[in-house]
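First chain A sits with chain B, and in the next complex the same chain sits with chain C.
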Partner chain A sequence: MTALAPAMAAARPGLLSRPSTVPALLLLPCMIWIVFFFLLPLALMCWRSLASEGFSLAAYAVLFSSPLYGKVMGTTLKMASIATVCALVLAYPIAYVLTVAGGKLRGLILLFVLIPYWVDIIVRSFSWLIMLGDNGLINKTLIELGLLREPLPLLYNMFSVLIAMVQIVLPITIVTLFGAMLRIDRTLIAAAKIHGASEWQAFRTVFFPLSLPGVYGAGLLVFILAFGFYVTPALLGSPKETMIAQTIMIEASQLLDWAQASAAGAVLLAITTSIAAIYNRYFSLDRLWGGSEP
Partner chain B sequence: MPLEIEGTLSRTGQSTDTAKASGARLELRNLSKAFGGVRAVDDISLDVPAGAFVSLLGPSGSGKTTTLNLIAGFLTADAGDILLDGRSVADVPSHKRNIGMVFQSYSLFPHMTVAENVAFPLRMRTKLSREEARRRVADMLALVQLSHLAARYPRQLSGGQQQRVAMARALVSHPRLLLMDEPLGALDKKLREQMQFEIKRIHRTVGTTVVYVTHDQSEALTMSDIVVVMHQSRIAQVGAPRALYDAPANLFVADFLGDSNLLPGTIVEAGSAGVLVEVAQGQRVKVTRAEKAPSVGSRAVVLIRPEDMSVHAGPTQSDGMDSLAGTVRDISYHGDSYKLDVAVGEHALKVRLARVSGNGVELGQRVVVAWRPDAARLLPAEDSGLGADGAQP
Partner chain C sequence: MSATAGRIGLSAAVIAVIVYLIFPVVVVVAISFSAGNFLRFPPPGLSLRWYETIANDPEWISALWVSVRVGAISAAIATLLGVPAAFALTRYIIPGKSLLSALILCALVTPPIVTALSTYLFFVPLGLVNTIIGLSCAHAVSGMPFVVINTAASLRSADRNLERAAIVHGAHPLWAVMRITLPIISPGIVIGAIFAFVHSTHELLVATFVLGGVGKPVAVKIWSGVQATTDPTIAAASTILIGLAILTFASATATQALAKRRSA
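Moving on, here comes the complex of A and B:
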């Protein structure tokens, strides 16, 4: 043993030639970036939420006791849930067609799905103003056709906020679902058919159940996205549709109550993180980015 | 066809499940299928008698899987027809063809238990009561000896067990035709041999017609009643395993099935007693069995199987043995046998010797390779897509 030890030490490769060194070096720039521009501000935010006048949980107490925050949180949950469900329902058929379509058709549909995705959120939200306003495209057309006397109240309500939210999250819903569906083994559908299942039965008994983890995954992603919406409810909603991100913005920039804003931000972060954690516990997050089945 | 399926099902539903379901007669008529201009199946015709075990054997890309997918209805033929019991199924979709299928990757439904997987065809095809369906599933699982794993999910099973579940699922609704696409490809050698035996046993029990796709010749030879050798999208030869091995119709089949010595030569004498072929300068080989009498001067190839040859230290020309003299170039030991490479002129003869008779042979030794003249076969020289031996002009 003692004779072997020096030999082993000599045989040990230098720092640079060790197999773990290269990946670590490659990760380094990204890690530095994340630490300075994400983790550090996050830590500051949490610290500020606790230490406005000495150490206290006052900001959190306000958060959980004030009726305003309860109401905003309720609205946010409701809006995000409805938007998520609508997006899933609309995205599923499109993702399915993408999965079964051949090369050219698939490319074309993907293009139409992604073009709006590349347009900025603010621009997309504004475009709904043009569509839904009292003098907007829809009301004007209906009035000119003589179908309406008074314009429909399409703007500055829950409807307008939701329709824009769904439109904004739809591309990412479709792409996420499509990715999940592509991983379903198509020979399983063939196996169902040869053993007596019609096209519809094969879909209902095999494809749909196997696509559900993808649906949950996409739902999670979309829900977290929708939870933090700021621009869309601000532009298209009334005060009744105020969501949590807007409230944080008002606290921070108008009321200058940074402790309160930080506390609300920390709670928002905790909620989204725990949703992701619950999902990971049951479905494994790996699947969202193409990992293998558990 | 669907009417008859219903009839079959209700009949077997009432009777005991050990009763033999009759297999369907399968006919392929001038079947063709191309993918983007490339012929994958080229004018294939085949008759499979009811209840037979037929293998489609060929190298990858020979069209066997495409043929299977055409029979299953996953692909539509460009030309030709498929008949089950004399009736065309060209317009019958997959799910109404009453076919069972075992896929290469098993393709068990991952979200269903073993019992649910096996019950699937019953759920889709029959209106059996829950009690009755459960009994059929239990019988089927007993047949493949997996009753104890009924509540497991496929991912909890070994490859061999998944294979058995796939068999049970394919057979539970008493299909009259069972398609198997390289079902043992993913298993190791020992398990593969065990499963070959198992599949044959199940085939004897259920009596359904089986079309079995494989690229493994020993698998095809041991399991099948009829072997269809496919080559370049066409059928190279159809026959019983022994007939194919003993009397291959062309160079491809001779080369593809087993080891072979293919000696190209010129026919120098053709008579009632046999044919003499000159395979090298002054070296003549006698062939006593030749279906068609070839004309003198034409080219031909002599086939002699390595295991039909013996090796002798000196010239021992007894009881009409034919022989060639040569030098031992290579010896490899295979446990039960030796494989020898004997250089005879520009030819290299492959010789396979049983363990006992190969023990004394040494590298570089001058030997005489001998065989009975009726072990040699005459094959037509012209053939497409052949190994080096036969391609020599």
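Moving on, here comes the complex of A and C:
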């Protein structure tokens, strides 16, 4: 399949003559590292969730029976879903413009989209703390314009958490959607137009349906990311907006209940891994290295 | 819907979303140069006093230094391990390739709190808690996907024939890879390494668990500051982080431009 492998085989007899040896040697260090510093710790965490005092499922019993965990899980699910839908709705037009725009405009928009990606999540959440307060930019402007008498309660509620969450996941949503839209065969849209479709008709009946798989893929990816959010709800939310990552943090760092924290961590891991597996099944992660092409 | 109305609507939507994306960044940067004592936007006047506060505070300096070291070590590990892996994944037919690539990308889709908790539990018996090298080893895992993705992308777009020509003319294949292919794809590798570096300096939860006590990195210090203080020091520290990201990105772009000129 490659020029390298047979040439290497000719140069060095023995072990290296087997075609699978070279890629195995190239991959091995990376895989050993991931197994040792990532998979082994995860396995240990799952083990700790079962083995607090001898072998027991007590931590899981608490997890599934306590109203606290049920409520936090519900909140997490709700916040992650709303954030995902909002991000997709806002990302779609930008991704579409990126797809149809020419080189310079595309570069400029991509630059703007990627700038926030280089800024820390803490910093981006913190910025909303400044803007949304009673004396913050938004309330002050609205009051000075005479539109309001009392400041709106913009901070420490679902609104403040969501507006920051969506801003944080938006760049990756746009880039993922853009990648998917680039794979759409644009000659199909041209064909529709030649046959008399208006621009809007061509978009609605050809481009949009073809872009839907990309939308679902980006949605799954963003949902996984949003599900694990910690900083944003902790900084901008009230106790009502507590998400699962915060509960695990409190369980571990304040209550020092490692078994309980591990059990919650294992459940969170199971949820995100299954969604990632669905993503991998339908939107193969393999595509990132060019799929089946050599 | 008429075509022009559609276009205007689309442009308006794009501009609105861009403002939404950029504005929080502008606010933080502006406040870091504030002359006032409070987090107020627009700032009452401009000054560098909050940067002076950081420059004169040994705790902030040491936090920045810890972040730079952890970022550099983890990016170096991720690069050393990720580049060969990218070669294997792009150039060879490997059984179970999709599983292997999923394994490399796993770190990106695992919730940070899960990674943090499991890493901590694993590091306690190994004595790696409260060590810079421990945190670097953990951050190398999450940095690896960035290196592998960027290296693989450059490898696919690089002209393989140059390497083949060298081999045809009698070069050892390994030599051809090291002297021909690696220089061609080096911009991609550098960008990947920078992404890994920036990811490490931003990472909060693993850092809190592994290096949360004495000698904490800057992200952890910003996080504890954000919850406690109300003066613009945090904004200045954040802006330094942004500056660090821009600086590394600019150097990458410069390297890329330089490489392009050399190859032209």
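The rule we apply is simple: the second predicted complex is superposed on the first by the 264 of 294 C-alpha atoms of A that agree within 3 Å, B and C clash if a C-alpha of one lies under 4 Å from a C-alpha of the other, contacts with A are read in each partner's own complex, and residues count from 1 in each chain.
The working rule: a contact is a pair of C-beta atoms (placed from the backbone, for glycine too) under 8 Å apart; a residue touches a chain by one contact, two chains touch by 3 or more.
All figures in this text were calculated on a predicted structure; none of them were measured in a lab.
Enquirer: Once the shared chain is lined up, is A:196 touching chain B (first), chain C (second), both, or neither of them?
Expert: First partner only.
Enquirer: If you stack the two complexes on chain A, which partner ends up touching A:224: first (chain B), second (chain C), both, or neither?
Expert: A:224 sits against chain C, while chain B stays out of touch.
Enquirer: With both complexes superposed on chain A, which partner does A:161 reach: first (chain B), second (chain C), both or neither?
Expert: A:161 sits against neither chain B nor chain C.
Enquirer: Kindly classify A:209 by the partners it touches after superposition: chain B alone (first), chain C alone (second), both, or neither?
Expert: The answer is first: A:209 touches chain B but not chain C.
Enquirer: With both structures superposed, pick whichever of chain B and chain C touches the larger number of chain A residues.
Expert: Residues of chain A touched, chain B against chain C: more for C.
Enquirer: Just to be sure I read the superposition right, which of the two partners does A:80 touch: chain B = first, chain C = second, or both, or neither?
Expert: neither
Enquirer: Between chain B (first) and chain C (second), which does A:124 come into contact with in this model arrangement: first, second, both, or neither?
Expert: second
Enquirer: Which residues of chain A are in contact with chain B in one complex and with chain C in the other?
Expert: Common to the two interfaces on chain A: residues 198, 293.
Enquirer: Write out the stretch or stretches of chain A touching chain C in their complex.
Expert: Residue positions touching the partner: 1-5, 7-8, 11, 20, 22-27, 29-31, 33-34, 37-42, 44-45, 48, 90-91, 93-94, 96-97, 109, 112-113, 115-116, 118-124, 126-131, 135-137, 164, 167, 170-171, 198-200, 221, 224-225, 227-228, 230-231, 235, 244-245, 248-249, 252-253, 258, 261-262, 265, 268-269, 272-273, 276, 280, 284-286, 288-290, 293-294.
Enquirer: Where on chain C does chain A make contact in their complex?
Expert: For this pair, the touching residues of chain C are 1, 3, 6, 10-11, 13-14, 17-18, 20-25, 27-28, 31, 39-42, 77, 80-82, 84-94, 97-98, 100-107, 109-115, 117-123, 137-138, 140-141, 144, 148-149, 152, 156, 160, 163-164, 167, 172-174, 177, 198, 201-202, 204-205, 208-209, 219, 222-223, 226-227, 234-235, 238, 241-242, 245-246, 249.
Enquirer: For chain A, which residues are in contact with chain B within the complex?
Expert: 185, 187-188, 190-198, 201-202, 205-206, 209-210, 293
Enquirer: Quick check on the complex: what are the chain B residues that touch chain A?
Expert: Result: residues 72-74, 93-95, 97, 99-101, 103, 105, 107-111, 120-121, 123-125, 155, 169-170, 173, 179 of chain B touch chain A.
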